[in-house]
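Across the two complexes that follow, subunit A remains constant while its partner is subunit B and subsequently subunit C.
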Partner chain A sequence: MGSSGKPPSTYTPAPTRGSRPKKPVFTDSDVDWERPDGRGFHECRPALFKTGLVKAAAGSAYAELGNTKVIVSVFGPRESKKAMLYSDVGRLNCNVSYTTFATPIRGQGASDHKEFSSMLHKALEGAVMLETFPKSTVDVFALVMESGGSDLPAVISCASVALADAGIMMYDLVAGVSVSCLGTNLVIDPVSEEESFQDGSLMVTLMPSRYEVTQLTVTGEWSASKVNEGMQLCLDACSKLGEVLRSCLKVPASD
Partner chain B sequence: MDTSGDLSSQMDPDAYRRLFPLRYFEQHLSESIRPDGRPLDRARETIVALGAVASANGSALSKIGSTNLNLFLVQTMLAAIKLEVMTPSIESPDEGCIDAATLTLLFSAIDFHMPPSCSPLDIYCLDADGALFDAALLSAVGALSHLQIPVVSVNDDGRIILLSEEDEVKLKKEPLNKEKRKLSLNKIPFSLTCILHKNYILADPTAEEESIMETSVTVVLDSSSRIVSFYKPGGAVLASTSTVQDCVALTRQRANELQAILDGAISDMEVD
Partner chain C sequence: MVGLSAGEKNFLQGGIDQDLRSDGRNRNTHRPISVETGVIPQANGSARVRMGATEVIASVKAELGRPAALQPDKGKVAIFVDCSPVANPVFEGRGGEELSLELSVALQQCLLGGKSGAGAGIDLSSLMVVEGKLCWDLYIDGLVVSSDGNLLDALGASIMAALSNTGIPRVQVAAAASGDEEPEVDISDEEYLQFDTSGVPVIVTLTKVGRHYIVDATSEEESQMTSAVSISINRKGHICGLTKRGSSGLDSSIISDMISVAQHISVQLINKLDSEISAAEADE
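And then the complex of A and B:
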């Protein structure tokens, strides 16, 4: 036990250079590299969703996509704070945080991820019937227990299931999927390693039964044709993921 | 005349429970049973799952109150450890440290001799339903028993680096810790929280019980049944010597139970 009051200065031991990927993830024209987990380029990781795990919350969901593990709890609706101006539509309060051990280097993921919190809010607000709870607030807390790539789409899909579990009225569930652009190749549902090498990324969140997009983000370098191709890939995957989300709600959560 | 006593036969039990929680509980206690069907001295069913988080060096999920393996019900705590390298203190150059603000006291029970490395132990409460400390300690102990120390070596800059098997051959580096890959936990602490109410002692209270009856006692015993910590933060009920002894006896019983659960989790992991 440290006898002095001050915490010691520490660092996380890094892997040696040799254990980096042996060849670059892509060379200019090839398709002959393998994904770290051996998937096809257009193949998503198997998705597991479960509801009703957190008893203290109004609704909750747990999602596991490969190594990405996310838990979302929904509280409310509760009365909005007095300081808020009157509003005849409800407020959705979203917060995304990472555990300190979610990332390879400790504490790299923020305990309060502002960017993801705002993205989660934007992705959900179009799907939630905010007018059904005027003057009230619904809190959505997402905790990334382990970051394994495609964290944000996992959080968004999981949050929509948690909202449904809490009985919040929605137009539809929201399924999120991202693709990474690596050279000339598009890989769907990228893992962390692929995300760190990507040239660009595209994420679509879709309400599957209505076939309406609630959020579309494109970052990095893309050609117009690639964007189209990536978007179509995402839309198809979102529709399939939507069925998974729907079926998990049909399973009686707990009794 | 006790009016609420009459009401209990007329009212809907759920409404009665909400309106007169204390009476509701006392009626149960007088019959030596708790609303969730447990006898007063029985703790909830407990599960420890080791290795819940792959990105940490050691991790454990403790669930207290779960009846079904496939569900996290009631109380869930997640603890995980990530090893970091630290500069050792001058007084004790061959000792590491565990960085866990609230639990530090308790780990005096564990002999922690490891070449300088710091293990930040982070505990997240995923779901709370009473006796948080017990669940937190159990998950912490689980994470420490699961902790696998990676093979490391020193690079040319004097910094510690992780060593994979192929590196060992290629770079001809000697690992510093070929042998010591596990912590040696000598005396493992286990705890039990009890609620004191009148003459009753309720082991392992739920959040509802904690909110109605406010005096609690937490006893921490190590594997050889010695007291590591005894915590009674005030409260309306004063504990007599015999109550204290009863609490310690309950904790001893619980410690044996938890030891068996933890051993089971460790052997399950080794089979996989």
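And then the complex of A and C:
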């Protein structure tokens, strides 16, 4: 996280060249490998969040975690479509898409990522006060502009800031962090290279001030103690990320 | 959607609080499970699983295909779930799409492990025929025939039963083909290799209703849930996947608690399924 007191207003990412040298494959034996970006195993990438970039939307947010860049716009609340059944709580309509240039190979990310869309919905629905907008729908559209690993947690954190920016009533912000299991090591906030070699992953989304988990997913084979270890790591990082999200909302939207 | 009156809701909640549910079960007991294998002759393996009034069918089809360029030493597995309008009229047209997707993703997460293939319930390297050229593609299809809650656990069990019923034909590769040539193969009609299911996990969903969580919820109970955690656990007691559903947040200590309860329940469930599957195989 940013070391200076106030969040930097601009952030210059490390330039990424088209042909990056391939990183060696991680194996169980080499424990003292270095992470591709030189971070410690339990160190997150610096996070930058900014609100109000999309003028047409009710609320929007932009997030940059290393090379992962996402933008989320929130529209509404608007009247639910006639075809929808009557509902005394509001609806959250989530959509996650990738730009064609988000991935190293063009068009590899889906333009309509159904799996992430449903995960985003599940992570947010517990935090939004749906009963405050009955019969209405709020649209949350996320666009991954560059995929640099940990895309889904970045989208979720960014979406919660965008919802707050749109003035949608929420119990709390939602911060998402994932860890990858590589051999016997747990690395937090993995980049794409690490994700493609991972043996398992764990993602936690947390409402920091209530300290409640809104979504938790585990893939790969884990022992119960390892799940707990990974969960603690994530919970810690989520609380810290929560501070960053909060401070970004306090910065008055300039220009 | 289950419509319950205030009185019914109260009764259901009260029963769960007192560890006696409306159908006479405890919080941690499953409904009776019955397994039937080999129900679809055209498939390589199939099974029908009933858990109370929930009924699902799983079929496994194997086709020869080309391995993915990034993983030349592994076969491919695809899992799809279809929610038929037979089970519930709301599944008609695109109505079941969302639920189908959710179930397929959850099953993929539970059975296929991490991206490197580690911890996968289905051993992908056993599907290899000729490295980089030929492999088996397994298509696992789940069908919801009747829906009365706990679909994910039932689908997980039916896939486990279908896989243990699956025979993959032995393939003879005639003369190692050089270069880009397609290898010539001879698929045996008689010799089948039994699929190894020792690594396939079971799924245990704990549904939180009020202050307590229950196992194997009916759809009435599911309508009252605040959140549900599905945990897949293999024979070693390791967690192979976990996802959460439902709107309310959970405390992290409750999640750890749920994991240990699920590990305990999974042992009983695996034993139960094993005996049901072997009984079904003997009947066939």
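Everything below uses one rule, namely that the second predicted complex is superposed on the first by the 224 of 255 C-alpha atoms of A that agree within 3 Å, B and C clash if a C-alpha of one lies under 4 Å from a C-alpha of the other, contacts with A are read in each partner's own complex, and residues count from 1 in each chain.
By definition in this document, contacts are C-beta pairs under 8 Å (C-beta built on N, C-alpha and C of every residue); 3 or more make two chains touch, one makes a residue touch a chain.
Note that the structure is a prediction, hence the values are computed from the model and not measured.
Looking at A:Tyr211, would you say it contacts subunit B, subunit C, both, or neither? Reply first, second, both or neither.
second
Looking at A:Cys181 after the superposition, I want to know if it touches subunit B, subunit C, both of them or none. Which is it: first, second, both, neither?
Touch status of A:Cys181: second partner only.
Have a look at where A:Arg78 lands relative to subunit B and subunit C in the superposition and call it first, second, both or neither.
In the superposition, A:Arg78 contacts neither subunit B nor subunit C.
Mind working out whether A:Lys122 is in touch with subunit B, subunit C, both or neither, as first, second, both or neither?
second
Just checking: does A:Lys240 make contact with subunit B only, subunit C only, both, or neither of them? Give me first, second, both or neither.
Once the two structures are laid over each other on A, A:Lys240 reaches no partner at all.
On the A-aligned overlay, A:Thr99 touches which partner chain: subunit B = first, subunit C = second, or both, or neither?
first
On subunit A, which stretch or stretches are contacted by subunit B in one complex as well as by subunit C in the other?
Subunit A residues touching both partners: none found.
Inside the complex, what are the residues of subunit A that reach subunit C?
114-115, 118, 122, 125-127, 130, 181, 195-201, 207, 210-224, 227-228, 231-232, 235
Give the list of subunit A residues in touch with subunit B in this complex.
So the residues of subunit A in touch with subunit B come to 1-4, 7-16, 18-19, 50, 52-57, 62, 67, 69, 71, 99-104, 106, 143, 145-148, 253-254.
Which of the residues in subunit B come into contact with subunit A in the complex?
52-56, 59, 68, 71-74, 76, 78, 80-87, 89, 91-92, 95, 97-99, 104, 107-108, 112, 118, 120, 122, 124, 126-129, 150, 152, 155, 159-164, 166-167, 170-171, 207
So in the complex, which bits of subunit C are touching subunit A?
My answer: residues 98, 101-102, 105, 109, 113-116, 118-119, 227, 229, 234, 237-252, 255-256, 259-260, 263.
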